[in-house]
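Here chain A shows up in two complexes: once beside chain B, once beside chain C.
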Partner chain A sequence: MSEVKVETKGSKRKTGLPFIDCDIHNEVPSPDALKPYLSQRWRQYMEMVGTRTYHGFAQHIPYPKGNAGGTRQDAWPPNGGIPGSDLNFMRKQLLDPLNMEIGILNCLYRVAEQLNDEFSAALARAVNDWQMEEWLDKEPRLRASIVIPYENAEFAVEEINRVASHPGFVQVLFLPRTREPLGRRRYWKIYEAAENHGLPIVIHFAGLGGNAITSHGFPSYYIEDHTTMAQAFQSQVISMVCEGVFERFPGLRVALLEGGFAWLPSLMWRLDQQWKRLHAEVPFLKRKPSEYIREHMRVTTQPMEEPPKLEYLLQVIEWLGSNEMLMFSTDYPHWDYDSPELAFPAKFPIELKKKIFYDNARAFYRFK
Partner chain B sequence: MAQHRVATVDEIRPGERKIVQLEGRSIGVFNVKGTFYALRNVCPHQGAEVCLGSIGGMTVCGNQEDGTLSELRFEKAGEILRCPWHGWEFEIRTGKSIFNPLGCYIKNYPVTIGQKDVADGETLRVETYPTSVEEKFIIVHL
Partner chain C sequence: MSEVKVETKGSKRKTGLPFIDCDIHNEVPSPDALKPYLSQRWRQYMEMVGTRTYHGFAQHIPYPKGNAGGTRQDAWPPNGGIPGSDLNFMRKQLLDPLNMEIGILNCLYRVAEQLNDEFSAALARAVNDWQMEEWLDKEPRLRASIVIPYENAEFAVEEINRVASHPGFVQVLFLPRTREPLGRRRYWKIYEAAENHGLPIVIHFAGLGGNAITSHGFPSYYIEDHTTMAQAFQSQVISMVCEGVFERFPGLRVALLEGGFAWLPSLMWRLDQQWKRLHAEVPFLKRKPSEYIREHMRVTTQPMEEPPKLEYLLQVIEWLGSNEMLMFSTDYPHWDYDSPELAFPAKFPIELKKKIFYDNARAFYRFK
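Up next, the complex of A and B:
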């Protein structure tokens, strides 16, 4: 009869490859946490009117999805807050035990969906100030996205210019269900500002938005919504390429976060095919669409594609035509989190894995 | 096969569980309606501590052939373990997954109930869980 002890966590030593996590979510604990960063005018507005988005007067995000809060069940911090809201618990569960060198925060607080542009801009300022004070200045392993009111380019540019000099901000955040396809002119000033500051823009999976997730309306089930997100990303890639964004802003870099990647090779084939026939319609495209995509765009891995055989996965990566496009991400603390230790098949080629886990993100973000 | 006393039967009530460390392995011991089961605390998908997941039932429906496709019923309440990460579901009684019972499962271990004098060796955690000679122990066999 041997001794039994209740398992203790947090004692695990760091194992596995060092990696850069391109997608971690820090959550605003509650609207009250933003009040110190809002002017009196907007504090009063928040109390009197509150959030007004495409979803009417809803105060909260309509989750659970998958799990309570849309998060890992084991990610609820002991202080009673919501997952992703407690830096100390994030350190204990994610930053300390795993071999992560740099983690990039994408705060999904509902900023750009606000129907009131001025309030949207005020919230963006508050969220970014909160990120600097509560996260970036406290934890050197973390970087973050600048949150912007992207449906109003003028306000978005003001916000980028206001905070871009903070070294913790490494990119500008969009969500995929925008009012118009992201290649269109209403967003160009934002790309110009991002390019001027040397910041990439990223588009991150998000379940909410004014437009339906499919081109034919709203589906019944969450499983459809989650799977169809790839369609939203595809539309954004096609738009940004075909509108000539990468000719006009040759320094612009774009990362697609949590949108999958197995669909990307066939999209590039089809775009190239159509471009050969229709390039007179878009004469500002000087190169094959796939060349813009390979040069300017990166894609994160989570949720990892899980084909039935490893060889299929490697085939897809070969079809991308570049081993520099994929960047590892966990999506902590969300319920579709990928483990750096087990999300990739055991026999995945180690050199390629090193690029995906570290080198590709370091080059894209120009980390030293 | 080594025997490990992990708790008294009163310590894990129906619907509850206890996570223990046996021979370097983390194992969840569950009480499902009065019967005890032991599962390895590792999800076969991505290695999450699956035994920390929620315990519930599952919604099933009939078949098109007999006209019961739309007849939904909730069954196996308290018998289904749902992984805390990606929600993969497993039957606690067998460790088998719902979506692929033969190809995807959690390792399980036999569990018996014994008196203190049945198993040899020292009494477990007596300082934390005081027991008496009459009390019954849950024993996991590795």
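Up next, the complex of A and C:
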């Protein structure tokens, strides 16, 4: 690829703290890019039927259209592809100028939401093979999520076992709007496989699992859809804790990506309070809910909550009860990208920033 | 009724601050109690079909069974009825010992959840007539919610117009798990009627509107169901604000009952932040989302969140950005009753307690 002028607006950064980005999106440029990784049967199926999900036939729908498909306006690569689809451009726009040590890819191609379980599994294999060949084997600074057909645990476990030995895969990806709450037993085999391979699972903003996105149906506007994603994360945390997932899988680690975190302290208070009165219903829980959350769960920063005063933000982080829980993420190349230069208010304590930028992710992912 | 020994455990209170209780539950003792208020057609219907909701045929299901049907164990009246069904006993156990100035009844009989709209409307009329005759006309310290068939706005408006002139009715009752988000236009005629009569609407814990109770289906345990109710409240707040309800009905007041409140500051931060970037989608919003919330919405205390330190609780209240928003409630006679003696930590500031116990509710309800 020829040299191109690269916009680095909002991401100029020649020096600075060491830095791990826990949420970058690599995009499958088009279904055609997956065809080399699909068997003839599934290539034909894709041509005949396409992708069928609870969204209908749509494939790229997690973001509103806008000028740039829900992405940063400057993130369109010069090769004409969609934002996030071109490794060279990502190097020039993100990895190099930010001086990034490690960046973790979360490919949001709609895999687990396919209504046809076998096709879902075939797409997961194709996306993971594509990730290995086009991203992980080409760029040592990048790591990636294993994409799985999580609504069918048997197929999901097969896929984890197939690719977990590749050193580029560092976690297993879910979206929070699943068919059932993630604490339920239909997903436990997946947690067992992740635990066996020493891989965390991550839950990333998006998804549609056949349920309305609130307990009272579908809201009219995208701003509501986007804002209520935090509620999806909240009830997934409640589910995983209350169903005893962390008693059953004591080695399981979970990160919540792009769900916010300022809601987490009050959720821990509420859940601990309920547990005091209702623990007899869930006798397999041996500890307070908040203890499981602090030990097993991590949250990424983007979208960083913006309270009116810095002290409120620091207070929220104190209330988490642990300085280990927050991990930095940019969400490149999406429209609500957080720059490491701008995400933190000026007087944010440097020691805490170091932990959020680097130490916490390194410990969680056990990076050397 | 003969004199009975009354348990007042947890509610001894001879003196103390003036006190308004924003959430007391009066219970219809049995469907038979409504029959005098139903026409022959609906009496026959009730006998032939019974009540049919998204819960199936169940009527009294908002709380787990426990020893006392989800209520305080000492709340069973000596006349053999169910807790909350006997005014005399409520006087002796709640109103007298607590020295209560005003108590507001929220009758949770499943009315709006009926699948048959006409029956839903008939039940609402019956419950409201029963409330006037058996409660409001007998006890001047009590006020009540108008129960409405809120899934059919036409019938709901008829019922509001029918009974709003009774001085005992001070608000209109919704449950948060509705068929569609409460910001949507199907409910607007109800807000118009409430605004015209100067009545607030309140949204009280409970309900099932045909959607799963999370964006990922039904959780296994009651502790999850109970805890995720806070998420239902959150997405209703988001819906009412984002759909422009408070621009359309600038006189509308809304109170959230039994949904907690420690989650509200971070929700306001998140929503304001989204609105900064996405306001073009909702151009009818003239102000920041948090401004509508502070001006139009109130929250009750029970279940009072219990952070590990008093200062955290005070900080949350500061973050609400208004000392006017919190109103005290006991939730009598339910199992998670909050006593006015015990709900606040010892060092809770007295001025703030006065506002929460009395001033805020008096202003919100415009009590003389």
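As a working rule, the second predicted complex is superposed on the first by the 344 of 368 C-alpha atoms of A that agree within 3 Å, B and C clash if a C-alpha of one lies under 4 Å from a C-alpha of the other, contacts with A are read in each partner's own complex, and residues count from 1 in each chain.
Please note the rule applied: a residue touches a chain if its C-beta (ideal position, glycine included) is under 8 Å from a C-beta of that chain, and two chains touch if they have at least 3 such contacts.
Values in this document were obtained by computation on a predicted structure and should not be read as measured data.
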Chain B versus chain C as contact partner of A:Ala232, first or second or both or neither: second
Touching partner for A:Trp263 - first (chain B), second (chain C), both, neither: second
Contacts of A:Leu17 with chain B and chain C, given as first, second, both or neither: neither
Chain B versus chain C as contact partner of A:Arg179, first or second or both or neither: second
Partner chain(s) touched by A:Tyr312 [first = chain B, second = chain C, both, neither]: second
Contacts of A:Met132 with chain B and chain C, given as first, second, both or neither: neither
Partner chain(s) touched by A:Asp336 [first = chain B, second = chain C, both, neither]: both
Comparison of chain B and chain C by chain A residues contacted: C
Contacts of A:Leu278 with chain B and chain C, given as first, second, both or neither: second
Touching both chain C and chain B, counted on chain A across the two superposed complexes: 335-336
List of chain C residues in touch with chain A within their complex: 64, 176-184, 209, 211-224, 226-228, 230-232, 234-236, 238-239, 242-243, 260, 262-263, 265-267, 269-275, 277-278, 281-282, 303, 305-308, 312, 315-316, 319, 335-336
For the chain B and chain A complex, residues of the former touching the latter: 2-6, 18-23, 26, 41, 45-49, 52-54, 84-87, 119-122, 124-125
Chain A to chain B touching residues, read off their complex: 1-7, 66-67, 72-74, 335-339, 341-343
